[in-house]
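Both of the next two complexes hold chain A, though its partner changes from chain B to chain C.
On to the complex of A and B.
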C-alpha cells in the first residue's frame, strides 16, 4: 500500500502537468511543451520563498502564483502569439522551455535543492500504507484541480467559450468569442496553477533544473493515455502512469520505471491513439 | 551525379563538390590535428542535423530525439569495435542499422498521432538513454562510459589520422549527395506536400503514414553513421555526450541553417561547432542562448535561415535549387489539339453518413458520367462536402456503395482512392510552399507513375524519364488551363484565381478518371469565373467526368449537364438545369422564393450566397 500511495502521489503531479497541457490545448488550441518548466519555476520560487528569504506561507503562494502567471503570459505573448503556423510552435515552445530551464539553472545552479513542506510532514499510516501528508495533499490537489477545471469548462460562459474555441476557433470568434484573449487567459491560468502547486510539488520532487524534462514527458503520457483535451482522461492517465512507475520501481527495479512508462506510451499509441477517454473528431477539411 | 552534368548545369552548381575536395585536401595544405578534429566533429554534427532536416524540415515531423539515434549508432559500432570488429565501413553500417532500428521502433507508434506525439516519443528516448545504458552496462559501460574502442581499419589496414579524416569527409559528402538527390527529386516534393497538408498528400496518392515513417526512419541513418564516426574519433563514449543539451544543440543547428535544406545542415553544424560547442565558458549560458535563439528564430523565420537566404540567392543566381521537373522541350506552347481525358462513371448509391447522432447524409445516390458536368448544390451544411470527402475516402460511409467504372472505392484509404484515378481540388487551394507551379502540377502525376527512392538517389534512367515526363505533362496541363507562363513562378504566391487554375491543372496531370471540384468558383471575380467556366467545358468536351460542388447557382445552371440538389443530407431532386431552375421546392429551399402560403416557412433559412 505504501507503494500505491507513492504511485498515486507521483501520479497526482502528472495529473497536474496534464491539466496544464489541457488548459492551453482547450483555450489556445496548441500544445505548450514548456508547461512542466512552469511548474519547475513554481517549485524554485517555493524554495526561494521558504528557504532563501523565509517569507510567510501565504506570501509564497501569492508570489509563486503571480510570478509563474506572468512567466506563462509572457511566454504566450513572445513565443506563441507571433507565430502564425502551429508547426512553428514546435520550435518556439521547445525554445521557451529551454530558455526557462537555462535561466533557472543560472540562478539556482544545477544541484537538487530540498524544498520543505509548508506544514508538518511526518509519515503516517493510511489504509495500511505509510504516507507523508504532502503526498495526500498532492492527490487531493489533483482531484480538486481537475474538478475545478471541469466545473469551469461546463458551468461558466468562459469555459463554454473555450470548449467552442477548441472545436473550431474560427466559428467561435465569429460567435463573438475573443479567441486571442482566451488563449492568453489559458496560458495565464495554467501558469497560476503551475505556480500555486509549486510548494506542494517541491517537497516531493526536490527543486532541480532537470525536473521539467521528466515531468513534461510523464505529463504527456498521462494526457496521451487519457485523450487530448479530456479532463477526466488526464486524471485517469496521470494516476495510472504514477502507479505503473511506482509498482515497477518496487517490484522490478528503479532502472526500469521510465522504460515501463515508455512501453506503456507506445502501447497506448499503437492500440488506442485517441486515448482511453478521447474521441476522434472526423472532420478534416 | 555524373548524369546530372548532362543538363544546362551552371558552373557554380559544382561549388559544394569543390568545397568538399578542398576540405579533403586540408591536412596536406598544412592543417593540424586540432582543426582536422574540429572538421570531423563538424561533419559528424552535420550528418546528425541533416537527418533531422529530412524528418522535420521536409516531412514536418519534429524529432526531438535525434541525439538518441546518434547514441545508438555510436554504441552499436563502439560495441563491435571493442569486440574486435574494427573495420570502419562495417562499423558505419552497423551504426546506421542500429539507428534505423531505433528510428522505426519509435516512429511506428510515434506517428500514429500527428503533431507532438512523435516529438515526445523520440524525446523520451533521450530520457531513457541512461537507464538503457545502465541496463546493458556490461556491453555499454553503463554510467562510466564505454572504453577500449580500437582505432578504425579500412579494408584490413589500420587508418592513419589523415586516412580517418579523409574517410569521414568522404562518407559525409556521399550522404549529403544522397540526401540532395532525394530531396531534389519528386520524393522531396512529396515531403513538402506532406508538410503542407497530409490531406493534400493523401489526395495525391501519397500514403501519409508510410511517407512520414520513411522520412523519420531515413533521418535516423545519418545520425547512426555520425555516431559510428564519433566512436572511432573519440575511442571513448561518455553517456553525458548524449543528453538533453545535445538534443537542443542539434535542433538549434538545424533551425540555424534552415531545416528544409541540405547544405543548411553543414552551415548550422559549422556555426554550432566553432561557436557554442567548443567554448567551455559558454556552457553556463548554453541553454539560455539556445532557448532564446529557438524562440527568436521560430518567430522570425518559420523557414529557417535558408528561408531568408534562398529567395535572396534566387534573385542573385536564378534557380539556385535543382528543379524536380525538367524543362519541357517547347512542346506545350504549340497549338496542338488537347489530348482526351477519358473519364469513368462514378456511381454513388445509398450513401449514409452519421456523425454521432447527426445524420449528415441520408441514403444519397448520384451518377456522374464521362463527358458531362454533374453538379451538386445545396445550402450550407446540406452535406455536399461530406459526400465529396466520402468519395475521396477521408470519411468512411456508414452505409452505401461507391463505384468508379468497375472498381469499388468503398472502404479504401484516401491515397489508394487517389491512385485509382480520383482527383480533386479544395475549397481553399492547397498549394505547397517553395515549389514552382510546374512542380506543383507535376505532383498530380505521382499517383499514376511511381519512381523508387533508389532510382532517385542513384539517378537511374527511371528517374530521368519520370522527371522529363513530369515536366512535359505539367506544361501540357498548365497550357490547358491557360497559364503556361506561370511555369517557373512560386505557386503559393500566385493570386487566388490562378491558384485555383493550378489546382485544376494538378488534378488533370494525373490522367484522372473522375474530377471532383469543391467550390471551385468561390472568391473569384467575373473574369476569372468566365475563364474557369470555359476551361471546365473544354475538359468536359475532352471526355472527363466532372463533379462540381458549388454554391453559385447561376454558374451551376450555366455549366452543368445534370444537377443534384441536397438539402439537410437528403437528395431533394435531380435533373437538367432547366428542370432544376423550374423546380418549386428548389427555388424555395435554395433561393428563398416562397411557393404557396401553407407550405412556406416549414424549413430552414434560405441561403444568401447566390448571385
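On to the complex of A and C.
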C-alpha cells in the first residue's frame, strides 16, 4: 500500500498540473506551457512566506494565490494576446516559462530549499501503507480541485460560456461571449490555483528552479492520457501516470519508470487518439 | 514615425548590449592576496605565465554558481603562486573565457584564443566533465597542457589526451574508500541508489567496480532527477536486506531520497558520495532532522574543519586568498574551490621540477610529481599521476566519511556548528 500511496500522491500533483493546462485550454483554446512554472512560483512564494518572512498561513495562501494570479495575467497580456495564431503560443509560452524560471533563480538562487508544511507532517500508517499527511492533502486537493472545476464549467454561466468558446470561439463571440476576457480569466484562475497549491506541493518536492521541468512533462502526459479538455480525464490520467511510475519502480526498477509511462501513453493514444476520456469532434474538411 | 524611431533605437541599444556581452573574455589581475610581494624587476621583464580558463561564469543557475566557485579557487591559486614568486619567476595571468553554459560557444572562444598569440601556457577546461570533453581535445590538439576538475574516464586516458590531467582522484578510487568504510564497519551487503544523469551513471559504474574489488555485493537502483518520490525504489532496495544504503545525488533529489527513506521508516546507515556535500540542503536545513539520522557523507580532507591553530601555512594562505577572491565569507563547501586552487599550485610545482614551462617537460614532471615536504596545495595530501593514468591518486585515504554539520570556512565539523 505504501507504493500505492506514493503513486497516488505524485499522481495528485500531475492532476493539479494538468488541471492548470486544461483551464487555459478550455477558456482560451490554447496551451500554456508555462503552467508548471506558475506552480513553481507558488512553491517559492510559499517558502518566502513561511520561512523567510514568517507570515501567517492564511496570508501565505492569499499572497501566493494573488501573486501567481498576477503573473499569469501578465503572461496572458504579454505572451499570448499579442500573438494572433495559436501556433505561436508554443514559442511565446516557452519563452515566458524560461523568463519565469530565470527571475525565480535571480530572487531565490539555484539551490533547493525546504518548504515546511503548514501542519505536522510526520509519517504515519494509513490502510497498511506509509504516508505523510501532505500527501493525503495533495490527493484530496486534486479531487476537490477537479470537482470544483467540473462544477464551475457545468453549472455556471461563465463555465458554459467557456465550454462554448472552447468548441467554437467565433460562434461564441457571435452569441455575445467576450472570449478575450474569458481567456484572461482562464489564465487568472489557473494562476490562482497554481499559487494556492504551492504550499502543498513544496513540502513534497522542495523549491528549486528545476521543479517546473519535473512537473511540466508528466503533467502534460497526464492531460494527453486523459484527454485534452477533459477534467475527469485529468484526474484519471494523473493518477494512472503516478501509479504506473510507482508500481514500475517497486517491481521492475527506477530505470524503467519513464519508459513504462510513455509506452502506456503511446498505446492509449494509438487506441484512443483523443485520450481515455477526451471527446471526439467532427469537422468539415 | 516616433514609435518606429523609438523601436529602432531600442533595437540598436539591445544589439549593442548583446554584442558587448558576447565578448566573453576577461583577464583578472594577479595581485597577491593579503598584500603579497610585488614582482621583482627581473620577473616583471619576463612574459607572464598565461592560464586560460573556460568557465560558464555567465550562466544562470547551479552551473553558473559552480563556475564562479571554480573561478574564485583559481584566483586564489594565482594570488598565492604569484605571492611566492610566480611560476619560474613568471607572474601568472588568468584569462577567463565565459561559455555561458554552452560548450559550443566555449569551443569557438577557445579555438579563437588558441589561434592568437602568445598562446596560453595552460588551460583550465571547464569545471565539469561535459565542458571538459569539449575543451580538452582542443587544448591537446594545440599541444597545450590542460588541468582541472573534469574527470570523465576518457579525459584521464593519456593515450587519448596526453597533455590533460584531472585533479580529483578517479571515481573508482573514491568509491573504493566508501566500500572500505562499509567493510570496516561490518557491512556485508549494500543497497545503492544513484541518479540517472551522466555523473550518477559514472559513479554507479565506479561503485560496481569497488563492490567487486572489496567483495561486498550490492543491489543497484537509479532515479531520474525529475522524480518527486523514490519511496517505491527504496522499498525494492529495502527488500534485499542490506547493511548499508549508499547514495549519490546533487540538489533536490538528495532531499527526495532522504524524505522517502524517512517516510518508509527505514533505519539504515546511509552513506552519500561527495556531491552530497556540495548540496547546500545537506549542510543547512536538513541537519539534525530525521532525514540525516544515521547519515554520513564522503568528503575530501579539505572539507573537514581544522582549528586556526592546527592549520598548515598552506591552508592559511589558501583561506586568506580565497576570502579575498570571493570578497567575503566562504559559503560553499571547500572542495568546490580547492581543486582549482590546487591546479595552479601543481602547475607551479611541475614547472619547478621540470625547470621549464613547455608542455612536454611539464607533462613528464606531472607524471612523476615530487611531493614537497610542505606542499602549497590543500585538497589532497598528495597528488600523483602516471604515464598510464591522468586521474590523480592521493594517499588512498583522502575521502573519509563525516557527519554533516553547518559549514565554517567551508568546512564541516567545526565545534558548535
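Details
To be clear about the criterion, the second predicted complex is superposed on the first by the 283 of 285 C-alpha atoms of A that agree within 3 Å, B and C clash if a C-alpha of one lies under 4 Å from a C-alpha of the other, contacts with A are read in each partner's own complex, and residues count from 1 in each chain.
Here is the rule we go by: a contact is a pair of C-beta atoms (placed from the backbone, for glycine too) under 8 Å apart; a residue touches a chain by one contact, two chains touch by 3 or more.
The shown structure was predicted, so the numbers you read here are calculated from the model rather than taken from an experiment.
The superposed arrangement places chain B and chain C in clashing positions on chain A.
In the superposed model, A:250 makes contact with chain C only, not with chain B.
Using the contact criterion defined above for the overlaid structures, shared-chain residue A:132 touches chain C, although it does not reach chain B.
Of the two partner chains, chain B is the only one that A:83 touches; chain C does not reach it. In the superposed model, A:63 makes contact with neither chain B nor chain C.
In the superposition on chain A, A:105 contacts both chain B and chain C.
Contact with chain C, but none with chain B, is seen for A:6 once the two complexes are overlaid on the shared chain. Residue contacts after overlaying the shared chain place A:205 against chain C, while chain B stays out of touching range.
In the superposed model, A:91 lies in contact with chain B only, and not with chain C. Touch criterion met: A:220 reaches chain B, while chain C stays clear of it. The intersection of chain A residues touching chain B with those touching chain C, taken from the two complexes, comprises 102, 105-106, 210, 213-214, 217, 255, 258.
Within the complex formed with chain A, the chain B residues making contact are 60, 62, 64, 108-110, 112-113, 115-117, 119-121, 123-124, 126-128, 131-132, 134-135, 195, 199, 244, 248, 251, 255, 284-299, 302, 355, 385, 389, 394-395, 426-427.
Contacts from chain A toward chain C in the complex involve residues 2-3, 6-7, 9-10, 13, 102, 105-106, 109-114, 123, 130-132, 204-206, 208-211, 213-214, 217-218, 245-251, 253-255, 257-258. Residues of chain A touching chain B in their complex: 31, 33, 78-79, 82-92, 94-103, 105-106, 210, 213-214, 216-217, 220, 224, 255-256, 258-259, 262, 265-267, 269-270, 273-274, 282-285. Of all residues in chain C, those touching chain A in their complex are 60-62, 64-65, 193, 196, 221-233, 235-236, 251-252, 254-256, 259-260, 262-265, 279-281, 285-286.
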